[in-house]
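As written, the chain order gives the labels A, B, C, D, E and F, with residue 1 at the start of each chain.
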Amino acid sequence: MKKIEIVVDNTHLKMVLDILESSGVSGYTVIKDIIGKGDRGLVLADEPFEGLKNSYLFTVCNDEIANSVIARIGPLLKRYGGACMVSDVGWLVY
Amino acid sequence: MKKIEIVVDNTHLKMVLDILESSGVSGYTVIKDIIGKGDRGLVLADEPFEGLKNSYLFTVCNDEIANSVIARIGPLLKRYGGACMVSDVGWLVY
Amino acid sequence: MKKIEIVVDNTHLKMVLDILESSGVSGYTVIKDIIGKGDRGLVLADEPFEGLKNSYLFTVCNDEIANSVIARIGPLLKRYGGACMVSDVGWLVY
Amino acid sequence: MHVDLILQNILNPPIMMFFLGIFAALVRSDLEIPQSLSKLFSLYLLIAIGLHGGYELSKSGISLYVVKVLALASFMAFLVPIYSFFVLRVRLDVYNAVAIAASYGSISAVTFITAVSFLDSLNLHHGGYMVAAMTLMESPAIVVGLLLLSLFARRADSEIKWGGVLKEALFNASVLLLVGTLLIGALTGEKGWKSIEPLFGGLFKGMLTFFLLDMGLIAGKRLGDVKKVGVFLIAFGVIMPIFNASLGILLAKLANFHTSDAFLFSILCASASYIAVPAAMRMSVPEANPSIYITLSLAITFPFNIAFGIPLYYSMVSLLWN
Amino acid sequence: MHVDLILQNILNPPIMMFFLGIFAALVRSDLEIPQSLSKLFSLYLLIAIGLHGGYELSKSGISLYVVKVLALASFMAFLVPIYSFFVLRVRLDVYNAVAIAASYGSISAVTFITAVSFLDSLNLHHGGYMVAAMTLMESPAIVVGLLLLSLFARRADSEIKWGGVLKEALFNASVLLLVGTLLIGALTGEKGWKSIEPLFGGLFKGMLTFFLLDMGLIAGKRLGDVKKVGVFLIAFGVIMPIFNASLGILLAKLANFHTSDAFLFSILCASASYIAVPAAMRMSVPEANPSIYITLSLAITFPFNIAFGIPLYYSMVSLLWN
Amino acid sequence: MHVDLILQNILNPPIMMFFLGIFAALVRSDLEIPQSLSKLFSLYLLIAIGLHGGYELSKSGISLYVVKVLALASFMAFLVPIYSFFVLRVRLDVYNAVAIAASYGSISAVTFITAVSFLDSLNLHHGGYMVAAMTLMESPAIVVGLLLLSLFARRADSEIKWGGVLKEALFNASVLLLVGTLLIGALTGEKGWKSIEPLFGGLFKGMLTFFLLDMGLIAGKRLGDVKKVGVFLIAFGVIMPIFNASLGILLAKLANFHTSDAFLFSILCASASYIAVPAAMRMSVPEANPSIYITLSLAITFPFNIAFGIPLYYSMVSLLWN
C-alpha cells in the first residue's frame, strides 16, 4: 500500500480532502495548525488568519488510487503551495 | 527497524500504550486530538466527549517486537476501530 | 529522497531547525506539544515548563543533505535526548 | 402553556445565542470555538454551580425535606434507564438500547444550568441541594445500564470490568468537580463565597451565553447526522424527555416539593447525558454506535429541552402547584 | 493635534499593553499567548460590542439619522477599494493591488473597539448603530475587489466562484457574530443586557487590555517582514488611512454626523482588514502574496491607527465640529 | 502557630481547590484542564498583580523604605542559591546541585499571589513595591547558579553561553510581564486602574481559585515522581523553605519591615521557581535532571508552602512583630 502525506494550508484543505474522497480512499487522518517552512516562507501555528495556517494529513491506499490522487493533487499544490510525499507502507488488515 | 503507526480513539489509547510497553518498545510518540475519517465516519478534534477523539501515535522498534505488537494490536483495532501501518525505517543510534 | 523525522524538546528545537536550515533543506514541518516516552521518561503535553515539552518535526531532502543533517544532529540528540528516524520517500515535484 | 412563557424563555441572551450557533453551523460559517474554550466554559459553569450550591447549603443546612428530594432524585436515576431500555428494545439491539437508556437515565448539567438561569430571570431561586440532586443523578444510570447488559446480552467475554466502570462513575470530571465544589462551597461559607462571587456569581449568565453559542455550533454540526438516526429514535428523543419530566413532576407533587425544586427536578429527569455516560458506554459497550447515542442526546434532546422543554415543564409545574 | 491627546490615548492600559507586546516580540521574549486565547478575546470583544450595540439600538430605535449613517458607511465601503486599487496599480500587479485594496476597503473591528474605549475614557458615548455601520462595511470590499479583478485581470480560469465568495462575505465569523449579537441585543433589550452586563460590559476594557498585549505580540512578530514590503507600500500603509479618515470626516461633516459618530466613522474608513478579507482573497486571488497584504494591514496600518490615528482623527473631528 | 491560622488559610476556596486538584490526580479522574487555560490563568494573575502593584506604587511613590526592601530582596536572591548549593553538594553532583539551588534562589509567583490573597482575607494590604521585589528576585539565582557552575564544574565545553542566559534572565515571560505591567500600572495611575479593575481586580480571587485547581492537578500528577527524588531531597524541599523564610524574617525584622511586607518577603525567600529557572537550567546545564529539580519545587515545596508555609511564616512574623 502507499502512504501519501500532504501539507497544505487550511484554505485549501477542503479541496484536498474532496480529491481524496472522490478518488476512493478508505480514510484519512489530519493534524491541524502545524508549523512549516517551505517556498512560501515560515507559517506559524498562531496566524491570526486561520486560512494561512498549515495542516498535515496522510492517507493510506492502494497503488492505483494513489496514482490518481497524486495526478490530481499535483496541479493544486503547484498553484496554491504545499508539499506531498509518497512512501510504501504495510497496512494492517484485521 | 520497523515504524508502527496507529490511529485509535482516546478511550482505547491507554490499552494500546499498555500493549506497546509490555511488548518492550523503547519509547513512543503520541499526537492527541487529531481529525480522522475511516469506517466509523468522520471524527473531529472538538467532540464534546473526549473519549471519541482520535490520537495518532508511532513507535520504532526491532522486527521481533514489531511482530508481537502487531499480533496483539490487531484484535483490539478490529473490535474498537482504528488504523495501523507498518514501514521500514532507519533509527539513528548515537 | 530521504525523510528525516525528529522528536526533540522545545528547548533544543531551535538548534535542530538551525541545523536543518544551514544544511540546505528546502523546508520542514513541525508539530508542537506532543506526548512522548523514551529514555528520559514520559513527557506530557501539559508540562508547566514549556521547554520540556516535545516537538515532532520532519524534513524531506536529498541523500547528501540527509547525511550531513544526520551527522550534525546525532551529537546534539546524544547530549540532550530525543529521537531520529530516516526513511525513503517519494517527493512530489510539480 | 402560554406563548409568553416560550417567549420569556427564548428572548434570553443564552437561548438566542444557542440558536445563533446552530444557524452558524447550518450555513457552514467559519465561526469556530476552540475545544479549550468549550472546556473553560464547562469547567466554569460546573464550578460556579457547585460553589454556589454549597454556599446555599451552608446557609440552609440539610433538612428532612432535602433528604426527601435527594432520595427521589436517586430513585428516578435508577428507574428511568430501566423503562427506557424496554421501550428501546422494541426497535434496537441490546447494546444500543443499553447505551441510550443509560444516557437518558443520567442528566445534562448544561440543561440544568440553563433552567436555573431561566428561574433567575423570573426572580425565582432554587435550593443548593438541587445541585446535590443533580450530582446524585449523574452516575446510577451507568451502573443500571451495565446490569441490564449483563442480564440481557449474550457476549462472549460478557464479564464487565466493574472496577473501571465504578471508578468512571464516581470520579469522572463532572461528578468529582460537583461533589468537590459543593463541599468547598459549604465549608468556606459566606466569606468564601463573597471573595469569589465576582467571578463565579456575577459572570454566570454571561458565561452561559458564551457557552451556549458554542453548544449551538456543536449541536448544529451534528444535525446532519440526525437523519441517520431514524424516525423511531427521533421520536424517542422528544417524547421520552416529556414523559420523564411528567413522571418527575407527578412524583414531586406527591412528595410535596417546592415549585422551583419540582421544575428543576423535571429538567433533571428530562435531560440526557452526552459526555459522562457515553464515556462509560464507549468503554464497556463498544458494540453500541456512539454516533447514535450521542447524536440523540446532543442534537435532539438537548436543543428540545433548552428551547421547548424548559417553558413546557415550567408551565406544567405552574399548573399543578397553583 | 495637542500632545495631550496623544498622551491621553497612549497612557491607557490597552495601548500600553500593545506596545509591551511589540517590545516582547522584538526582544524575542518567550512570552506566548496560545491561539485559543486570542480566539477567546476576539470572540468576546465581537460579542460584547454586538450585544451592547443591539441594546443601545433597542433604546434609540432607527431614525432617519441612523439610516443616513448606514448609507454613508456603505458608500465608503464601495468607494475606498476602488480608488485604492488605482493608487496601488502605480506600482503593483493587478492581483496584489486587488487584495490590498479590498483589505483597506474593509475594516478592523479591534481598531474600532479600541477607538470606542478611547471615547469611553473621554466619557463620550456612541450610538449602537455605529456597530451596525461597522458590520455593513466589512464585506462590500470583497465584492468590489473581485469585480475589479474580473475587469482588469486576464486569468486563464478567470471565472470567480462567486457562490463561495458571497457566502464568505455574508457568513464569515465576524459578520455573522456581529449581525447575530446586534439582533440578540436589540431583541432582549434592557433585561437581557442587564443579566449579562457583568461579563460583556464590565470586563470590556480589561479584556481589550489583555487582547492588545496579544495583538502587539502578533504585530511585533511581523515587523521583521515589513522591510520586504518596500517603501511604496509602507507609505501607502500610513498615508492611505489618513486620507481615508479625512475623506470620511469631510463626508460626515457634510452629512451632519454627531461628533462621536464622525470620529468612529473616520476610524472605520482608516482601518484595514487582516482576517476576513485575506480569507476571501487567499481563496479567490491565490496569485496575490498574503504575506504582503496581511503584513501591511497588521504590522503597519493597525499599529499606526491604534497609536497615532486615534488621537489624530479625533483632533481633526474636534477642530471641524467645534 | 495557632490551629485557626492553618484553618484560616485552608478554609479558603483557592487552597481547597488546590487539594481538590491533587485528589483528582491521585484517583486518576479524567478531569483535565487544557494547557492553554493554564496559560490564561497564569498570564492573568501576573498581569493583574503587576498592574495593581504599579497602581499602588503610583500612589505611594518610591521612598527610602522601598529602596531598603528592594535591596534586601536582591541580597537574598544572591545569597540563597549560594548556601543552598553547598547544602546540596553534600549528596548531589555539581550539575543537579546548581539547578536545584538556582530554583530555590528564585521565586514562585503563584505562591506569592496565594499569600497576597491570604493577606486580603485577613483584610491586610501590601505595598505595590513587594511586586517589584518579587520581580527583582526572579533572575539573580540564574546568574549565581551559572557562576557556581563555572567555578565548580569541569566541563569539556565549559564556556557558558552568557548571552542567551542573560537574555532569558531579563526577558523571560514572567519578568517581562511583571516589569511591563508594573510600569503600565504606575504610568496610567488611578484612572487606568479604575477602567480595568473589574477584570484585573474584582475577579482576582476567583481566578486564583480556578488556577489552583489546575496547579493541584499538575502537582498531583508529579507526586508519583516524588519517591524517585529520594529522602534527602524531600527533606530539603521542606526544610529549606522554612530556613529561607526564617532567615528572611530575621533580616526583615532587623531592617524594620512592615508586618505584611515581612510576611510576603518570607514567602519570596521560601518559594522556589518551577518555570523560569528550569528553562534556563535546561538550556545551560543539560547534565542536570529536570525531573528532579522540577518535581522538587513543584510537587513538594509548592504544596508545602501553599498549605503550611503560609500560616507558619505568618505566625512567625506575628510573633516577632507584636
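In this section, a residue touches a chain if its C-beta (ideal position, glycine included) is under 8 Å from a C-beta of that chain, and two chains touch if they have at least 3 such contacts.
Worth saying up front: this structure is predicted, and the values here are computed from it rather than measured.
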| item | value |
| --- | --- |
| Chain whose mean Cα position lies farthest from chain D | C |
| Chain pair with more C-beta contacts, E-F versus B-D | E-F |
| Chain at maximum distance from chain B, centres defined as averaged CA atoms | E |
| Chain copies touching (chain D, chain F) - same or different residues, decided at half shared | different |
| CA centroid of chain B to CA centroid of chain C, Å | 20 |
| Whole-Å separation of chain centres (CA-atom averages), chain A against chain E | 34 |
| Centroid distance [mean C-alpha coordinates] between chain F and chain A, Å | 46 |
| Distance between chain centroids, defined by C-alpha means - chain D, chain E (Å) | 41 |
| Shared-contact residues (touching 2 or more other chains) in chain A | 31, 45, 50, 87 |
| Chain E: positions in contact with at least two other chains | 30, 32-36, 40, 198, 202-203, 279 |
| List of chain A residues in touch with chain C within their complex | 7, 31, 34-39, 45, 54, 56, 70, 73-75, 77-78, 83-87 |
| Complex contacts: residues of chain F adjacent to chain E | 34-36, 39-40, 43-44, 47, 51, 167-168, 171-173, 176-177, 180-181, 183-185, 187-188, 191-192, 195-200, 202-203, 279 |
| In the complex, chain A residues that touch chain B | 1, 3, 26-32, 60, 87-92, 94 |
| Interfacial residue positions of chain B with respect to chain D in the complex | 9, 11, 33, 40-41, 44-46, 48-52, 79-80 |
| Complex contact set, residues of chain F against chain C | 32, 34-35, 38, 218, 221, 274-275, 278-279, 282-283, 286, 290-291, 294, 298 |
